[in-house]
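To keep things simple, chains are lettered A, B and C as they appear, and every chain counts its residues starting from 1.
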Amino acid sequence: MAWKWDSPLYSLADEEQNDRARKVWEGESLGGIKEDNNRLPRPVVWLLGLTIISAFLMTFPLWGQRPTAAIYADYIALMDTPEVQELVETKGDDAAMQYIVKTVKATGSKWEALQDRHPLTMNDLRLIKDQVIELQNAGADLEEYSILGNQVIIANFEGNCKGPMNAAGNCAEGVERERKQPWWDRGYTIDIFYVIYFCLAVMIAIKRLPNHNWKPDHTKHH
Amino acid sequence: MAFREYKIGARLFGVALGLSMMITLYMPSLNIVEVGSTEMGLRKGLQYGRIGGFSVEDPFLKGEGKPLTVILKQDPRSGEQIEPVYAYVYKSGIPFTSAIRHPRIMGKGVEDLSLDTGRIGEATEKAGAVFVVSEGRWQGKKIHYIENATATRGWTPDVIMNSVTDADVRYIGAGKIMFVKEGCWWCHTLLPEETQDWQVFGAPPRLGDFNSESPTALGSDRKAPDLLHIGSRNSSREWMMMHFFNPRLVQPHSIMPRFDYLWGPADAQGNTIDYDKWRAEYNEYTAGKRIYPPDVPEPAANSEARKLIDFVLNLK
Amino acid sequence: MFKYLFAKNEEIPPGTAAVYFGFSSILWFVIGTGLGSFNAAKLAFPDFVTGYEYFSFGHMRQVHVMAVIFGWISMAFAMAMMYITPALGNTRLWSEKLGIWNCFLWNAGLSLGLTLLWMGMTSGREYSDFPWFIDLVVLFGVILPLGINVWMTIMKRRTQGIYTTNWFFGSAVFMVWIVLLVGNLPEYFQLTGLTEAYLTWWFAHNVLGLWITPVAAAIAYYTVPKVTGNPLYSHRIGHLHFWSVVVFYSTPAAHHLMSSPLPEWLKSFASVEGVLILVPAIAFVSNLLLTMTGKWRFFVDNVEIKFTITGVLMAIPLNMQGGFQQTRAINWYIHGTGWIVAHAHLALLGFSTFLEAAAVYYGLQTIMRRKLYSLTLANFHFWFLLIGFTIYWVSMTIAGLIQGAAKIYEVPYIDTVIAEHPYMIARWVGGTMVFTGNLVWLYNMWMTARAGTAIPAGRLPHELAYER
């Protein structure tokens, strides 16, 4: 079971091992079934590569997440301004909301795309206003909170610990986890290593076989 | 691993399967044990009790060995008015919910408060106990914990049951068993989607919302409305009663089966229910020979229908 | 059967256990699809058989699922293992007597388990519905004896090599045993909450991924080269298939619970792995279709190849669906709708059933040394299965898309129910066709046993001409 690394693209076994394998391969009757030694057809290799790439592209970024509380902080800050108050009284909620959205857009917000994707009404905003302000006063990071209807709740992301970890890999006592929506998830990192490990293992397994240019002759010994 | 090198192959197989199980079982478990139970999680655990699906204590899924949920409007000992509170009554011998047996699963903080302030460690199944959910502070944050009211307030199961009438008792635990046994969850999910439909069906379950519930019966194949918050959308006992007896009384296009058999032999007044007569009259009604459908009998206090309705109305 | 339970191992004719398993599996298929047709009728016409607890949908649905998974599919697997494993090792089954006992315990345990489920004695967990003591029967009375027989037959083989099919057989029995053990932990130890929900779907995913899919594929690895006489196209693609099943199929369990509060990284990991399920699928399909080179007339002429290749072709849409529908980008739309039901039937009634049916057709003829009684009836079976399934799949996919749209646009639910009603009727028609086809199959196999032409020694069943 020796390994030979001088020509890894040809075979990892030595010639004697390959010869033995060839003999077994040609001489054996597996219930009347025979096996060929063809390599993966080129289109299939491309298809596999495409699969691996699209596996990552399809699942990244994190789709369909709830809006974080942070994207509405600018809206809420504007709610108590005299202009908005006046608009609510004179022209109603919809006009006031339009004004808020326009103003925030004009000043430029880092959340513009998400604000567009998760529009809401003045009534929605009123329901979450006090909760968001309370969190801001408590010094919480709003990105760690999601909006769920009328509730502002801690988001379901398992980020890094904000402090030391214990031996089991969990946060030490009293240390919180970061709950921000990550642009990259450690699930993907595990996946990358997992796929690499798989490709290496399969290539090694296949490279120990007699090279694909050898075709078993099934007319022998049968 | 190569041609006929099966020893290497077998080892590699072990490594591959082990690694996959480490990533999909061990690593998530580290995150899951960190989760602190929410108020909803604590209440669910307490009202359902330990028995979920099949168990030795209740092999035929009759709803035995379950706690009772009682709405207290006055202190059962002194009789003075209090803010209404849900008390979870475990009579002697009723198995405790997993959160009491293994406080660890409630998560840090909730566990500490429940043990130190709530004194749940003093409760025994032999003597029975009454639990309530209370609010406390842990590391500056507001959290809920379980309080053993038998130890802290002297509310024993007997004291509570003597102070209330059947109208204040909810058979939620037994109702959950009916929900499982009758297969309600094959069509009604308990899992509003994280992304969309929660405007209608309400908030999806959050971290810690079912720490000591089993089975969770989230469902997978939704052929009917999600029920996780049905009690908030529709709190009419009358409507539920008619809908369970024959869904097409209140919703002509419904494809839900009739659950009239859950009424048992007699109604709340003790009169025998004549199902054949009811069905014949109902058929006349659908054929247009009657103007009104026959009346739906009121389920008896100990009927399976009553338990199931208690459970469904309490999904809030 | 009973006379063999206490007979000496040497006195039992080789292949007896496989024959019992074969006929049991057909019988369970008839029962399982009959229940399916009954349940579908209830969804189309809710007052069909009403007012009896034991005939209500909630009591019958899981009996249908468990009857087809543990009765039809798994017993057909056991049947295939009992005759293919020894054939590929040029030997006899390690213990025919253990096989007979296995078949007896399996039928008895399953009948008991299904009766209990029918009465409502359930664990309340999808796909692991059986009460925990039935799980123990499955672990130690059903899977372990089967595993011992398969492993020992492979160990005692008289060839140096192990053919691809046997890699899958040997490892899948091992993996499903582990999956049954771990997946049912919540029932043995009263695990709760997210752990329980996750393990339920970990089980449901892996019982399909590490048992049904690989064993069905392994059967095709035997049937196609055996009947066509072509060598398997590539040993090395077989490696790719095998290792990618173990590595990629065992990991995406969390993609069944994308809406639950499971750790988000786990869902990301699972959805990438979910797409990578296409790796074994591509390997499997390309290997078998290339093996068919030059022998495509068998696809028309021969019953077993017709079934097998149809199953292999169905693996293409199956895995395209399975790989992509679980990503967050698509899952939010179709999760929990009839689309998933259609997909599950594509996996079990489409892909896997067609491969196993071929194995049962071929195996029973080989062991009983009888040529198939009637080609006409077999073709009737094939087309009723295929058309019935197609009607089912198309109607449920449409119903699923309606439900998905209604979910996203938050249409009042009753309007969804009204809109999908015609498709519920179509699903019932399709399911009933499958059931009818299976009745014909049972008759055909029974007549093969009684009146099929004897196959002369040294000849294979497919070498003889069909007579009817």
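In the analysis below, a contact is a pair of C-beta atoms (placed from the backbone, for glycine too) under 8 Å apart; a residue touches a chain by one contact, two chains touch by 3 or more.
If you're wondering where the values come from, they're calculated on a predicted model, not measured in any experiment.
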Can the chain contact pattern be summarised as a line, a ring, a star, a complete graph, or none of these (other)?
complete
Tell me which of A-C and B-C has more C-beta pairs in contact.
B-C
Counting in whole Å, what is the centre-to-centre distance of subunit A and subunit B, each centre being its mean C-alpha position?
34
When the C-alpha atoms of subunit B and subunit C are each averaged to a single point, how far apart are the two points in Å?
34
Considering subunit A alone, which of its residues make contact with at least two other chains?
24-25, 64, 156, 158, 190, 194, 201, 205, 209
Can you list every residue of subunit B that touches 2 or more other chains, as numbers and ranges?
1, 3-4, 9, 12, 16, 23, 31, 194-195, 199, 204, 206-207
Would you pick out the residues of subunit C that each touch at least 2 other chains?
160-161, 235, 239, 243, 247, 251, 261, 263, 266, 269-270, 332
Inside the complex, what are the residues of subunit A that reach subunit C?
24-25, 28-41, 44, 47-48, 51-52, 54-56, 58-60, 62-64, 156-158, 185-188, 190-191, 194-195, 198, 201-202, 205-206, 209, 212, 216, 218
Partner subunit A, residues of subunit B touching it in the complex
1-5, 8-9, 12, 16, 19, 23, 30-31, 33-34, 108, 139, 194-195, 198-199, 202-204, 206-207
Touching residues (chain side subunit C, partner subunit B) in the complex:
42-44, 46-47, 50-53, 56-59, 61-62, 116, 119-126, 131-132, 160-162, 167, 171, 175, 178, 182, 186-187, 190-198, 200, 202, 235, 239, 243, 246-247, 250-251, 253-254, 256-263, 266, 269-270, 332, 335-338, 340-341, 403, 407-408, 410, 413-414, 417-418, 421, 424
Using the touch rule from the top, collect the residues of subunit C that touch subunit A in their complex.
84, 87-90, 159-161, 163-164, 222, 225-226, 231-240, 243-244, 247-248, 251, 261, 263-276, 278-279, 282-283, 286, 290, 323-324, 327-329, 332
Could you pull out which subunit B residues touch subunit C in their complex?
1, 3-4, 6, 9, 12-13, 16-17, 20-21, 23-25, 27-29, 31-32, 35, 41, 45, 50, 52-54, 59-61, 98, 105, 180-187, 189, 191-197, 199-200, 204-207, 209-225, 247-248, 251, 253-262, 275, 279
